[in-house]
Amino acid sequence: MRIKSYSEALRDALDQEMARDPRVIIMGEDVRPGVMGVTQGLYDTYGPTRVIDTPISETAFIGAAIGAAMTGLRPVVELMFCDFAGVCFDQILNQAAKLRYMTGGQISLPLVIRTTMGAGERAAAQHSQSLHHLFTAIPGLKIVVPATAEDAAGLLLTAIRDPDPVIFFENKMLYDSQMSVSDPAIALPFGKAHLLREGDDLTIVALSRMVGFARTACDELAQKGISADLIDPRTTQPLDEAAILGSLHKTGHLLVVDEGSARCGMAADIASLAASKGFHSLKAPVQMLTPPQTPIPFAPELEDAWLPSSGDIEKAAYTLLQKV
Amino acid sequence: MRIKSYSEALRDALDQEMARDPRVIIMGEDVRPGVMGVTQGLYDTYGPTRVIDTPISETAFIGAAIGAAMTGLRPVVELMFCDFAGVCFDQILNQAAKLRYMTGGQISLPLVIRTTMGAGERAAAQHSQSLHHLFTAIPGLKIVVPATAEDAAGLLLTAIRDPDPVIFFENKMLYDSQMSVSDPAIALPFGKAHLLREGDDLTIVALSRMVGFARTACDELAQKGISADLIDPRTTQPLDEAAILGSLHKTGHLLVVDEGSARCGMAADIASLAASKGFHSLKAPVQMLTPPQTPIPFAPELEDAWLPSSGDIEKAAYTLLQKV
Amino acid sequence: MQLPRDTLLRLWRTMVRIRAFEERLILENRKGGIAGHLHLYIGQEAIATGVCAHLADEDAITSTHRGHGHALAKGCDATGMMAEIFGRATGSCAGKGGSMHIADPKRGHLGANGIVGANAPLALGAALSAKTLGTHGVSVAFIGDGASNQGAVFESMNMAAAMALPVLFVIEQNGYGEYTRTDAVTGTADLAARAASFGMPAQQIDGTDIFAVYDATQSAIHHARTGLGPTTLVATAPRFGGHYEGDNQAYRSASDMQKARDQQDCLALYRNRILEAGLLEARDLDAIVHAAHSDMEQAARQARADAPPAPAALLTDIYAKAL
Amino acid sequence: MQLPRDTLLRLWRTMVRIRAFEERLILENRKGGIAGHLHLYIGQEAIATGVCAHLADEDAITSTHRGHGHALAKGCDATGMMAEIFGRATGSCAGKGGSMHIADPKRGHLGANGIVGANAPLALGAALSAKTLGTHGVSVAFIGDGASNQGAVFESMNMAAAMALPVLFVIEQNGYGEYTRTDAVTGTADLAARAASFGMPAQQIDGTDIFAVYDATQSAIHHARTGLGPTTLVATAPRFGGHYEGDNQAYRSASDMQKARDQQDCLALYRNRILEAGLLEARDLDAIVHAAHSDMEQAARQARADAPPAPAALLTDIYAKAL
């Protein structure tokens, strides 16, 4: 174990896989200097054929990564901000996600698109979104939303070794968060939720940065004598339905916390799971805590109000239980 | 009233608004000849300044429509298939949807993007998708999914007169469906659901082409002594929550039928509404009927199996009620 | 024209098989039983044939909605393709792709594409693999003239040039994108100059002249294989039919359509030239035509007889392993 | 150089105000209290100034992440901009947009943009409105050299040329896209020739020479207003600072940075030239510098004093009317 930041853990995991498998290459804008931090230094080790700076042409280089994945490489491509998925969405929606199926299974796509999500940087509406739900809605993709450095590293190993296209959402507000992590990283399975707290009164499902906030909220709730299961699904596709339903069966109360869209987002998705397969466990309305359905405002006061906080989570849990 | 197809009703509504308001222009690929049917003949009436054939450059022409909407025109732009939204997604996600908010309300965007959705044409995975949920998840857009010729015409008038960007999803499998419609068309409000059948046993919420299938299913169910409220929200943003919750309060049972994604889609979205605000009305698990979470297969046998049918709806309703 | 006899026969055979495959499709489509649209390549056969003649299985192509010709020229099996178009379990994509999504990675065919222009970046990727893995492979993206106005294509041209990737962009200039004349929506008439401005050699060629296509491709592929980077070829050839089979082409003059068939038929042009030059005998050529038609008839008969995919196929191939 | 005195003063004033605005931002940022990144325009002032000198409020611009200069040159209010960058309710976008999203449609500023290249299509739309409504307006899209490799830009160039829209594409060639040299990821060194290949006049100009920018723009705007369609200008000028304020520019040589300041400072070049030619007096120029600095100091003081948006602002301006 070693103390590392989320960002360092990711970098080391990349390094680990590049050392292990010569087919792994990295592509993206400014990946040599490593503007986003994670790829820093890899160019020095692996050189220009494996660490490739691209033009500011996301369609071309993500498409190229898809083509490369079809033909023997295992590209890990960096899309600086998930907000930029708009300019290359076709390559993800209609190419990467569908090629295996459309070709009757002839094509394998060992591709990872690393990207960042998350508000809080005062980067405004076009650089702060959390769009994991848009990709979870596309069959053929796997979606990873790690909340901790350990998970980030372990899931990145799995993503790189996976034969299917993976969209890997790093929360940029977590990059500097430190913890003691396995060294070298240990691969973690997809579709296996992480139970961070155990309790009886309610189930809190949280994603990405909201997991940490929820952990804080759980500690506060514990002070008030309320105990919660805190579940981080870690991957939204595949989703560990059993973990969520199992916990719900025990607690009867569900709070979902997500930084993505309130409409057609992961909170709704998980709430719908409870309403269908978990209905008989439910003792109270499902609570969904998400930002309001607006673009992300620039002014710090507004952005802070926009993003769910640990206090909001605590309050939502409390309201939920009062409602019984 | 006159008998018209869904496609004719749309064309006539376009004609009606173009005649009424000289700022309304039409843009898109092959809109002069009217490859998709709806814009046929409008070029003869309105000429090259108001009916504009574009290059096969969706980013450029949808972006141009956004820019034109900011500066005094009211563009109605055709995106042949909603599947093609991938190549111009940024202009919708980060430009059209956010410009009013990011500029503190300085910019108005009276823009309509007409597009097609729907499986059944044996057009395979890249020409058959129903992606209304992806847009419903984006704050700042309004989303219309008309199920009948009357609704298509009435909602298109409203869309064109609306000061916000509207994504208007025409189900291409409905283009030839005929009915008696108001002539001239009468504007229909956004956010107002259509109650097509009234009943006590369950609430069926269906969208787009699934509405007609659900109507057939309701007739069959009626034969078996089961009566249902059949609700077509007509717009997914704004969503007529009151109509759905009101009906659910009466019936206690909810079946949602949608052709979009099973994950993070409209079925989940409406189910989550029931699980939160409608929980105390619910007497049984919410049923969601969607296609399986796969790309859309080409082979007719597979495509037919993929798409929910009226028989599937009937069965789902029956199962739902048995479960009580 | 100094090509060896077997090359001449091979080129003819490929062109003829593409024509026969699609003429068979027209017949079968009239009989009924083919679902969805067919975008036919008839008139443009010399392009796919002349280009793919230089490619081995290790070389990759990415193709378009009008892709039957590319697939056959790249060596895909006509029987599997026919079955695919009929939506059969025996189809090259197990019936899941259809006419617009034929692929055969073993032959280096990475797939036709329903999103115009989207195949260009994919071809870059294959070229990148070839370069990185040192296979000496090249890749070819076929692109319609209408599709050449897509951002994906422009971005790919720049990136290929910047990285000196072994790619060939083949723009098939048939004058139309669906019902619209490409020149009406394109700022320049010179697509080759436009491509060249991205930093690569580019050339306009007569796409009805297979020798022109063959020669230009040879140079381009040599250029690519020797590490000098991409090339664009803009090959002009008419679409005989409409955008899709059944399109009545109200937007197109009768004389334009007639001229295509009478004066711009790449097969007739080839045949005349070869016979005039005395390079092959008429009966050799005719035998190939005959064989092709009977092969395609047989492929269609087989496809009609084959079974559709089993219902369980709906849920396979979404991921490598079911989740 | 045969410009009237008041034009010379106006150009100087605009350049100086842009410089003063951003120098003030650097100071204020060091003091703390400015959230988010600042992408500074220092070094490129002559481009925005020379271009926008020809534009009226009816003419539109669309801008980039590095957009303060464009906004000021287009006549946006410095106080409102400063307040916006401080995230105040009094900001030009009510504090909702920030540095990267400044807009002022009344002045014809349709918005800076955080998605590089995405502003190009928007400018086409304004040009289309001008053409359709017969206002004789033109529009300008400012585009970074890195951003010029985006599909959105290429598609827009083609569409503008095909439709002869009154648009000017101004590519600001500062040599970098973030930390990467643009030439390392671009297939051609000649961005003007690349633009020209789309079917429009295009010209490379010295973006540190405001007279060159002014003259080239004058012709381009005339061309556009007379219905002849788009033009591209590729204007070269160095970024003095990093990609964003605080970037230590480890990727850039000290001499490159020094050269920018010592030899390529468009303000110093202008001042020297004007004084040498005896067109204006040093004290006139200096007074403007003085006034600009005190204006900007005042704007910053005001911005610091202004209130942030009220919490209710979170939920307004999503739609014209709340749903």
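Just so it is clear, A, B, C and D label the chains in written order, and each chain counts residues from 1 on its own.
Keep in mind that, in the parts below, contacts are C-beta pairs under 8 Å (C-beta built on N, C-alpha and C of every residue); 3 or more make two chains touch, one makes a residue touch a chain.
Treat the numbers as computed from the prediction; the structure is a model and nothing was measured.
Trainee: Going by average Cα coordinates, which chain is farthest removed from subunit D?
Mentor: C
Trainee: Which of the two pairs, B-D or B-C, is linked by more C-beta contacts?
Mentor: B-D
Trainee: Determine the centre-to-centre distance between subunit C and subunit D, using the mean Cα coordinates as centres, and give it in whole Å.
Mentor: 45
Trainee: How many angstrom between the C-alpha centroids of subunit D and subunit B?
Mentor: Taking the mean C-alpha position of each chain, the two centres sit 40 Å apart.
Trainee: Report the inter-centroid distance (CA atoms only) between subunit A and subunit D in whole Å.
Mentor: 36
Trainee: List, in ascending order, every residue of subunit A touching at least 2 other chains.
Mentor: Those would be 54-55, 57, 59-60, 83-84, 86-87, 90-91, 94, 101-102, 124-126, 139-140, 237, 293-295, 297-298.
Trainee: Enumerate the residues of subunit D that touch no fewer than two other chains.
Mentor: As it turns out, subunit D has residues touching two or more other chains at 91, 93, 95-97, 101, 113-115, 118, 149-152, 155, 158-159, 162, 184-186, 318.
Trainee: Where on subunit B is subunit D touching in the complex?
Mentor: Interface residues on the subunit B side: 23, 25, 49-50, 52, 54-55, 57, 59-73, 75, 90-91, 94-95, 99-108, 139-140, 142, 162-164, 191, 237-238.
Trainee: With touch defined as at the start, can you tell me which subunit C residues reach subunit A in the complex?
Mentor: Those residues of subunit C that touch subunit A are 60, 62, 91-97, 101, 103-106, 110-111, 113-115, 118, 120-133, 139, 151-152, 155-156, 158-159, 162-163, 316-320, 323.
Trainee: Residues of subunit C touching subunit B in their complex?
Mentor: It is residues 35-37, 87-89, 91, 93, 95-98, 100-101, 113-118, 146-147, 149-152, 177-180, 184-186, 243, 250-251, 308-309, 311, 313-315, 318 of subunit C that touch subunit B.
Trainee: Which positions of subunit A touch subunit B when the two form their complex?
Mentor: Residues 59, 83-87, 89-94, 97-98, 101-102, 124-126, 133-134, 136-140, 237, 239, 260-261, 263-269, 271-272, 274-277, 279-280, 282, 284-288, 293-295, 297-298.
Trainee: Which residues of subunit D touch subunit C once you look at their complex with the stated criterion?
Mentor: Interface residues on subunit D, with respect to subunit C: 149-152, 154-155, 157-162, 184-188, 190, 193-194, 196-200.
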